[in-house]
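Here come two complexes built around subunit A, the first alongside subunit B, the second alongside subunit C.
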Partner chain A sequence: MHPLIRYVLQRAALALLVVWTGITITFVLSRLMPFNAADLFISRLVAQGGTLTGEQIEAMRRQLLELYGLEKSIIEQYLIFLRNYMVTGEMGPSFAYFPTSVKDVIAKALPWSLLLLIMTSVVSWLVGNGIGILAALTKHRRVSNVLETIAVAFQPIPFAVLAISFLVFYALILKLPIPAPGYVTTGSAIEMLIYMLRRAAFPLMVLVLFGWFGGFVSMKAIALKMREEDFIVYSFLQGAPTNSIRYMIFRNSILPQFTGLVLGLSRVFIGSLLVEYIFNYPGIGYILQGAIANADYNLMLGVLFFATVATAVATFILDLVYPLIDPRIRYPGQG
Partner chain B sequence: MAYVYRFKELALKPRFLVPLIIFISLLIYAFVYTATIPINPGRWFYVPPAQPPSPSYPFGTTSMGQDLFLLVPTALRNTIIISFVAAVISVLIAWSIGSIAALSSTIARSALLTLTDIICVLPGLPLLMVIFYTWRDYLTIPIIGIIMGLIGWGFPARAIYAMLSSLRQRTFVYTSYFSGLAMYKIVIKDFIPYLLRYLMINLVGTMTWAIGNEVTVSIFGAMKMEEATIGTAIHWAMYYQAILLGVWWWLAIPVAFVVLFVLSLYILMIEVDKYIFARARVTWG
Partner chain C sequence: MSLDILTVNNLDGGYEVFIGNRRVFVHAVDDVSLTLHDNEVLGVAGESGCGKSTLAKMVYGGIIPPLVVRSGSISLVTRGGEVLEMNKLDIDTIRRKIWWIEISYIPQNSMNVLNPLKRIKDQFIGVFKYHNIEMDKNEIIKYLKDTLTTLSLPPEVINAYPHQLSGGMRQRVVIALSLLFNPRIVLADEPTTAVDVVTQRVILSLLKEWRENNKSSFILISHDMSVHAYMDNRIAIMYAGNIVELGNTFDVFREPLHPYTKALIESLIRKGDKSIRKGLAGQPPDLINPPPGCRFHPRCPYAINICRAKEPPTTSLDKDRYVRCWLYANPR
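Right after this comes the complex of A and B.
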């Protein structure tokens, strides 16, 4: 088998395995809850809903019992759960956004989150590595050292703490307004996209502001080391033009950094959840907060499942792009 | 090449001394001082609400009538305990899995590495939120740490595996082996310096990871909210609109303390690393 095909198959298998693990964990969590989620849900519906008729409640109850399938054996329950999540996408009703189903709530929030997540990972990776390579190649040592000191000082601080400090700074010192929650659905798809980009600009700015340190620090270190590699010194002595030497340094230093883009995803994901909530951006983080505030277990489990799928798919896509960048994967054993 | 450890030089270096003093005073404030507080500082209305910092309330009071001078050290103590327990558990798991994977047969290795990959990719934060929120009645501070440790060992395990499998093939290890050094001596003299170094880096890295997760999960409100931690302090400050009401110290003081703690810990780690493992740097060169 061609090594490239084997590589792709391996990665796909891993992605599937991750998704399956995610579902299994979700299933185990939903069955281990110290109370019966279906009964809790029904009792809260009855307590809250004067607007619901008896038949509606009865229908809901049947749906929930089908979903949780509590009277069947545990293996059957597991198979039904797998079918519901993987095939039909049926995850039951959401309580926080009743009577919308979990599937619809997440489907509405997902594009917003994906837009922000992808833009943030790519932009902060580009910014970090761009500044990193410039700092390694520049003659202005003082500027690059100051930048590095800042990055090293900020890097260990947890993102949540940085985001909260930024919020205090933004709201109290700059006295700027925080965007209101909710969003409007405008006419065409293009208009909607422009509106989404406008909404995403602010959270994106916050995330990138605190997201470039890691890429910067490692890129600078790698590029500085690369400058002293034999092949660079050799081409320098050969009299290669400065720009082509710089390109060689860049091309070879960016390679290990690409892994950082994959590994940074989970960090960006955590950060974007929080920033969405703090700055009222209508993504997964925002509905997750609503789910927690309203004890909406169905929605929480749904978000957990979607987060697993999203990270697995994103990792898989990045794995697929990797052979384009690193020839050692295309032609293993020859380099 | 022998390396002389000049302890005095290290101890008098401001880059080491200043974070050390900050770190120790934070520990004293969080662990010794809180033991002398006669009341539960998480209770409401034992002091006048929303007082700005003043001589009688050095850090001010919250809108719920809690004294931040008492609340913040308690919160810091709990957060430190959570992160430390998480770090110990995750390092234990990461080390066992990483070293078994590096030293065992192909099948066991690929199974363990796949497991590690899955743990790396699984989104820890939503998982922690669901677990903490569902079982919040049964949680205690150490259990929170243990759960975090059980989820956060993926990346350290990868690092340990990579380090061990590269160490086994290094020239100096071969040199020791072919010179007839006993196996246990190779482990002590060649492996342990590297391993200790990674142990420290892992511990500090996982501690900051756990602090970040604790704060994030608590801000979302998916935590045992009655326990005072840095995250729950921030959560309640946001819940009661501290920014809108201008009670900025309610947010700023816990944030400042956790930043001080993380930074001093991190700088201490870097300085100790530079000092103790100078020999490792020489061989890396």
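Right after this comes the complex of A and C.
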């Protein structure tokens, strides 16, 4: 087999392994919970004051157990769970949006989330790295030091905390309006996209506001170190004009940052879920909130599954793309 | 009579560094005066830590902090016959008019100075661009292949990235880069450290041939006296920031005057000599607090009282021969 094909297959297998591990952990966690989906559903019905007799409840419980496959042995449940998630994509019905299937609920929200997530990662990355390199090359040390202080102070704070603090600040202190929820379901694809982008603009701004620190701090550090590298000094001594040297510093510093771009996707994930909810942005975060509020555990599992898949896919893409951009990393079997 | 194409007068400088919070000055080049003739190799010898590389950087004009120049002047006669006071020019003029065109530089760690992300040929093309020199790409490639072949490198090297080459190959690529525009002066700082003795000899003889064909001059820095014996027309011996002796290579090797020069030459292995070489005991001094008087006195077997108290004067013995040592400073 060609080594390149083997490499791709290996990486793909690794990604599958990650997904499988994720599913297994999810499964184990869900079965370790002291209650199951059927009991939960019924207890909610009862709590809502439904007038049901004991037999009716028992019948319903059995039906639900069957629906969720909970009456089978744990091994069988696991195998079915695996098959459903990894092969057929059937993740059962959602409670919160009963009887819509989890698959459909997620499928509807996913494009929204992906749009926001990808735009956030890319824009934050561009902004962070852009001002990072400028800060490293500028003569205005004061400005760049102030930026660095801010970035270093905020960077370790979890994204979720930042997002919530921002909301408190925005809604309770500044008392600014929060956009209304709702989907537009008609219109051409272009109109839809424009609508989505408009809806995404505000959460995007908020996410980028807190998303640039990481890129900035690491870019500035890398570029400052790069300035002193032997080959940069050598180019200077060869008579390279300042702009060529700047470009060289940029080109060599940006490479390691691509990892940040792809991994940023997963870092932003939870934060963006929160921000979606906060701004009524109809993505995964919004439905996850619904899922949590309604104890919709199928839907939660589905969302978790997507988070796992997203991380695995991102890593896989990174593995494949790196040798293209950095000549020091080669595919096996290549010159 | 040969023309002086580079004149260095009273050059003095070093590194301003912090040890903890204390600011100290590493006085690596102490009042050095030198001339470089047209069409010659001037060697600079001395143990490591004597300030040879610092002298090279200062002469080249590549002053990057913490290096500072405290005083001195450098004048250069270009191929066009123009006399330039290098210390009076701004860095941009030096960059455009002098570097690589009049003087090129082979830095000490030359095997590690190539851009890791660029193919060898693109690094050469880059240098043309830095100096706005138009040239046909195919012509460059052809020229490159020839140059690399003269340095006994396979022509395929041009398509390689630096990490695909050995240290010795990279070093030769950097040497080839420095010869690109046929500069009048090449400042070579330990140009053959990454190669074995056999390859070293091959490269040195190629450099020699190139220089003789181009009538360029070299300032060749090396701690290795056998390299100097093979290459130099004249040799300067550097110790702790001072030039302690300078003369024609033949004269210096035949009759070294300064005790330090004697020690350096004695440590060489001569043909047919089976006795164990005695090295010089001790190390060059700390340049933050150099010893008073002659900086060599703590290691000098001939040291007398005055050596510990006063810096020795420069004693000229000949037009092109001088020594800085109290033993030769007779007050006649």
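Rule of thumb we're sticking to: the second predicted complex is superposed on the first by the 278 of 335 C-alpha atoms of A that agree within 3 Å, B and C clash if a C-alpha of one lies under 4 Å from a C-alpha of the other, contacts with A are read in each partner's own complex, and residues count from 1 in each chain.
Convention: a contact is a pair of C-beta atoms (placed from the backbone, for glycine too) under 8 Å apart; a residue touches a chain by one contact, two chains touch by 3 or more.
Quick caveat, the model's predicted, so the values are computed rather than measured.
S.K.: Put the two structures on top of each other at subunit A: do subunit B and subunit C fit, or clash?
M.R.: fit
S.K.: With both complexes overlaid on chain A, does A:Ser188 touch subunit B (first), subunit C (second), both or neither?
M.R.: A:Ser188 sits against neither subunit B nor subunit C.
S.K.: In the superposed arrangement, which partner chain does A:Asn243 touch: subunit B (first), subunit C (second), both, or neither?
M.R.: neither
S.K.: Which partner does A:Thr311 contact after superposing on A: first (subunit B), second (subunit C), both, neither?
M.R.: The first partner, subunit B, only.
S.K.: Report for A:Tyr234: first if it touches subunit B alone, second if subunit C alone, otherwise both or neither.
M.R.: second
S.K.: Should A:Asn252 be classified as contacting the first partner (subunit B), the second (subunit C), both, or neither?
M.R.: Second partner only.
S.K.: Per the contact definition in the header, classify A:Ser73: touching subunit B only (first), subunit C only (second), both, or neither.
M.R.: Once the two structures are laid over each other on A, A:Ser73 reaches no partner at all.
S.K.: In the overlay, answer first, second, both or neither for which of subunit B and subunit C A:Leu274 touches.
M.R.: After superposition on chain A, A:Leu274 lies in contact with subunit B alone.
S.K.: Please determine whether it is subunit B or subunit C that touches the greater number of subunit A residues.
M.R.: B
S.K.: Report for A:Thr53: first if it touches subunit B alone, second if subunit C alone, otherwise both or neither.
M.R.: Touch partners of A:Thr53: none, neither subunit B nor subunit C.
S.K.: With both complexes placed on chain A, how many Å separate the closest C-alpha atoms of subunit B and subunit C?
M.R.: So the smallest C-alpha gap separating subunit B from subunit C comes to 8 Å.
S.K.: Jot down the residues of subunit A that show up as touching in both complexes, subunit B in one and subunit C in the other.
M.R.: none
S.K.: For the complex, give me every residue of subunit B touching subunit A.
M.R.: Result: residues 114, 117-118, 120-127, 129-131, 133-135, 137-138, 155, 208-209, 211-213, 215-216, 219-222, 231, 234, 243, 246, 248, 251-252, 255, 258-259, 262-263, 265-266 of subunit B touch subunit A.
S.K.: Residue numbers of subunit C touching subunit A in their complex, please.
M.R.: 60, 62, 64, 95-96, 99-101, 105, 107, 109, 112-117, 126-127, 129-131, 161, 163-164, 177
S.K.: Applying the document's contact rule, which stretches of subunit A touch subunit B when the two form their complex?
M.R.: 14, 17-18, 21-22, 25, 29, 33-34, 153, 156-161, 164-165, 167-168, 171-172, 263, 266, 269-270, 273-274, 277-278, 288-289, 292-293, 295, 297, 300-301, 303-304, 307-308, 310-312, 315
S.K.: Quick one: in the complex, what on subunit A touches subunit C?
M.R.: So the residues of subunit A in touch with subunit C come to 230-231, 233-241, 244, 248, 251-252, 255, 326-328, 335.
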